[in-house]
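The next part holds the structures, each set out as structure tokens.
Next, two complexes with subunit A in common: one pairs it with subunit B, the other with subunit C.
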Partner chain A sequence: MALPKPDELLRDVNYDRMPAKHWMDTKPEFRPGAYCYAGKPSVVEELGLPFPREWQPHDEDWKLPPNWKEIVLNAIKDRAERFRSFKLFMDICVRCGACADKCHFFLGTGDPKNMPVLRAELLRSVVKGEFTRSGKLFGRLAGARKLTEDVIKEWFYYYYQCTECRRCSVFCPYGIDTAEITILAREILHEIGVNINWILEPVRNSAFIGNHIGLQPHTIQENIEFLLMDIEEITGLKIEVPINKKGAEILFVTPSADFFAEPGIYTFMGYVLLFHYLGLDYTISTYASEGGNFGFFTTHEMMRKLHAKIYHEAERLKVKWILGGECGHMWRVVHQYEDTMCGPAPSNLEVPKSPITGTVFEHAKSTKIVHICEFTADLIAHGKLQLDPSRNDNYVVTFHDSCNTSRGMGIFEEPRFILRHVVNNFYEMPENTIREKTFCCGSGSGLNTDEYMEIRMRGGFPRANAVEYVHEKYGVNMLACICAIDRAVLPPLMNYWVPEVQVCGVHELVGNALVIPGEKKRTTDLRFQPLKGVEEEENV
Partner chain B sequence: MPTVEYKGKTFEVDEDGFLQGGMDAWCMEWVEYVKEQEGIQELTDEHWKVIKVLQDYFKKNGVAPMVRILSKVTGYPLKKIYELFPSGPGKGACKMAGLPKPTGCV
Partner chain C sequence: MSMRAKELLKEKKSEIFKLWRDKVYSLFPEETVRFLKKETERFENPLGYRLEEGLKGLLSQFTEEFSWEKVDYYLERILKIQAVQSSRPSEALSFLYYLKSVFREVVGERILEEYGPEGLLEVEDHIDAVILRAFNQYMAAREKLNELKFQEWKSRLFLLLKRAGYIYDEREGSLPREAHHNEKTL
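Right, the complex of A and B next:
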């Protein structure tokens, strides 16, 4: 089905309309554009996940295992025992409604089941109906229901219509974290073989090859060499990027899309120019060649399995600490699970210390992993970088806080501090759409697949709407971000809603602005676009 | 798994219509089928050059090339590739060449 035109897409959205039926009596409609394809049997099998089979969400029969109900009920019981957060969240909601209109999917679809309160209730009602006496006795009166196949289908539909962005939890007076509920709901669905391919295939590639895209070592090297030729053409500098170098001081890990897809490749060129400028002793690994972790969207165990490669490689290469690139959910994993599930860090790692400024990154004492924006902001704060922001004068920039780095770990100031030093024109989007209240790109948590485009354009609408505001008010034409999913999904989102705006990583702009000893006079930016003033100069 | 029947041949495809059997299942009938789907009038040497570059790269690397590499090796700017394959390098050219869909943060 072709995507409706932008001015038609949201016509069916009416926040005031009362549904005709009780929510327990409505079923989702699996129409094209509104669901993701199921995991391919070969992929599910190779990962050792249960019940590989041919099925699709639009099928009437999902071919669930005969004892699916028993599996799900056991899984709920198990998670309630293992995760106090889950037990608590299933218990404490008072239906105050503070979260109701905070979800980008609710705003973009008007579907009441996208209100975070109701999304959680999809599971909570079953916990009540199957595990509590009041629920068993009073049923619907107590907000309880039984587990049926229709409930499984509904879970699949709505727990894959949540990007685990946690905006709702910012507004919840009880601090209920819907993302955790979604994470556990997806994990439970995995136990009966209900999953999506767009998450599982990258997981498979990451587990067996090293990264989501499936880039083998020689391909990574070739891609990097290709980008280095571009750098030479633009700056005149011959740069080398160390790959799998034993004994380097720093292991640099970034999303694999940064050495494969636009506009991530320009961000990568930015990192490389910065490291060259600093004379940094670092290495990239072709084994731990993925910052992202789609395992995090699968199960806790899969997340740990994929993440472990970073520490393994840090140990094998005997580096001192790890620098992480502009990635989103990588940082949620590092910040929230590193110590409890992925650690402890190998003993050869030391507390990260910037070799340039001497700054000791105390906050990374246990994980030994520092975010590149922290690293670069520290360099700028110490006056270690010579920057010419006018090289970014073609751009009027705004900053999209990626959910995972902002709400997930509190990186608000560093990217803004960097941007203010590398560009002359920087404007913020409205206050309720940035920092901890940032709106999701609409495609996070592994939903960035083409077949899901309609829901992605709906879910991304609130973000795009805020971009449109600054585009019209200040002429913003560049949306900077620090996440590879953002870099992949914001271009089509902008193309749909605000086509005048492009998307970049923060370090692309750093790479443009950096004045590097020995470089030739630059005439273009890293995208080979003429710098402002150059064309006129040449025409004189 | 969905299948496509074309000129007496049956192809297994994924949900987006990419050829499942890869290079082994790839043949002239598949090319003609995608050509028809894409609404391409006539296949020229330029189309074939793109297909050949994609297939050679895939055999060596197991993935499709970066768009920039495809442009550089063929000598065709992205705009030209879109003229040749209206759905673009991924959904048009890769599909015709029998390559799978890319995955990850792309």
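Right, the complex of A and C next:
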């Protein structure tokens, strides 16, 4: 007797998700959860970007301008002339495959077009097919194809499924940086009005108001005052935060989420306690009230425009140097473009020098911006902070290297150095998932929107998987990071994959540990959670 | 709960596993399957590692002692992946349906010979029961995804909500964080 084969029936129930076809013949499926909404016409218009119109990625007709093809081809030519890296990257890939399995989106989605080599090929094939003779002659045999509307849709799908994290470039023997290709591909798409709202709305708010969600100066001030009341409740200290103060020594710029979002506000409380402890002469600007720069995810020009406000404020407020908070891509902008596109710094700025330790931050000689982890690590190294790490004993901590601060600019040691001094329980995740090999949070480069949750959970899976390991092995329950996008997106990522683990900024833990003259005996941490030992004591 | 055909399944365990994995992986494109099978180091290939771990774990419930506790554990791990990977619920749960196919293909005839239809029905009833249970896990994961979206909005606007008195925070006696998790996972 031959038994029936149930999986034959199954073929009717599910149709093949990704049938075996040549990659050029497969099309992305724009289903909810797997794409970001298009830019609102009003936002696109206000920013002066081309072709504002009503459209959505799931529409059949994207209402591209009639000469879209000409625009795209010209844009490619233009970028190839202006960016040597782009021209080179289009040329030199030998398809060795070393990068293929290094992208968190490939690892988390299993979609081959998320292999960095193929991601770049999406554009390279068109460059070949439209600009080279062999490509025109041999077409697919030469890995070449023509530019069609389907190609545009595919670009949109996959270049917004790359977080510009650069992990792939670490493994490429030629140093090909697929993130740069993504940056330019998005820039090219902008020219025909193909964009996402989650990036453009914050850009507009930053440009016109000063920060991503458009907090007005008085709202920023009220929020800070509210946090200061919490600080008073916890420490008994009455602290003031100088806002828009002319002539202060230091301008402090941090991602605006630290003013209002959870858990960023606790990091903010940490900064404030530290500055109070030091008696620092600093100020916060309500106009340059955003460290983040979503312009970086739009076009090079937009990045420069948004960054300029930080220097303008430094000039207007006549400060000597700039201290930057825990932000990710802000630092990539500073590190990679400050000296070229965004500079030079205004002439009133001086080489940053710590007023407490006298350390001159030579590496910031031309940018005049110092990262708060560099600043704090220097304080600790000079023995300037009195710390009680036992106040963080509720937490078993691990550290997530944010792509931008780690791979983008090499901050590996400072946050770890700080953590080792402010907590008693610190454990590293496995070596192949941290430092320059760190796995992205899966929501960077402006993809941290709720409509994109499924892809975010897939892209963040390799990161969460490593956290889960240290959670099981060492009981890790706190994931520290130095990036505001991380503080926003790692909580849902943890909530889904490793719900026992919470997320914090490094300076929240600093704020907890700092022993400040004149404070009352603390019974809770900055989250109002009872300190370890306190509850038992009280119950005795 | 013990199945009569257990020993037979045990004997063919590795063959069953390989065939099952191949069928499950047929949902992925070829290039990906090559990678998923290549090396299953936990961090270099998290998807392959976790799927293999889950499939092996579930299979051993049929070849060793069947335990709902373990079934739930492995189901949860696989279905969290499926809930974000698959485009439709039927696809997310189909890996269990494939198990039925594989059992029939590899040992179906022998089970019939040795234990009669009851032996086979017993195994298949267990798979059906696991599928029902898997549906719970799938739904829990989808609900969780939805919860993430509104929780994220609340966190984003945390201070504004708190200032407006809309946050029911722990000091005022709301459920501790863990309570939500327990509620959702089972």
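By our rule, the second predicted complex is superposed on the first by the 521 of 540 C-alpha atoms of A that agree within 3 Å, B and C clash if a C-alpha of one lies under 4 Å from a C-alpha of the other, contacts with A are read in each partner's own complex, and residues count from 1 in each chain.
The definition used in the following text is that contacts are C-beta pairs under 8 Å (C-beta built on N, C-alpha and C of every residue); 3 or more make two chains touch, one makes a residue touch a chain.
Note that the coordinates shown come from a computational prediction; the quantities given were computed from them, not determined experimentally.
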Clash or fit, subunit B versus subunit C on superposed subunit A: clash
First (subunit B), second (subunit C), both or neither touched by A:262: both
First (subunit B), second (subunit C), both or neither touched by A:223: both
Partner chain in contact with A:528 - subunit B first, subunit C second, else both or neither: second
Partner chain(s) touched by A:495 [first = subunit B, second = subunit C, both, neither]: second
Superposed model, subunit A: greater residue contact from subunit B or subunit C: C
Partner chain in contact with A:392 - subunit B first, subunit C second, else both or neither: neither
First (subunit B), second (subunit C), both or neither touched by A:111: second
Partner chain in contact with A:198 - subunit B first, subunit C second, else both or neither: first
Contacts of A:450 with subunit B and subunit C, given as first, second, both or neither: both
Shared subunit A contacts, counted only where both subunit B and subunit C touch the same residue: 213, 222-223, 226, 257, 260-262, 265, 450, 488
Subunit A to subunit C touching residues, read off their complex: 1, 3-7, 10, 13-14, 16-18, 20, 29, 31, 33, 100-101, 107-112, 115, 213, 222-223, 226-227, 257, 259-263, 265, 430, 432-433, 450, 453-455, 457-458, 461-462, 465-466, 469, 488, 491-492, 495-497, 499-500, 502, 528-529
Touch list for subunit C against partner subunit A, complex: 23, 26-32, 35-36, 42-47, 50, 80-81, 84-88, 90-91, 94, 97-98, 100-101, 104-105, 108-109, 112, 141, 144-145, 147-149, 151-160, 162-163, 169-171, 177-178, 181, 185
Subunit A partner contacts - residues on subunit B that touch it in the complex: 1, 14-16, 60-63, 66-69, 72, 91, 102-106
Subunit B-facing residues of subunit A, complex: 37, 40, 54, 56, 198, 201-202, 205, 209, 211-216, 218-219, 222-223, 226, 230, 255-257, 260-262, 264-265, 292, 294, 448, 450-451, 484-485, 487-488
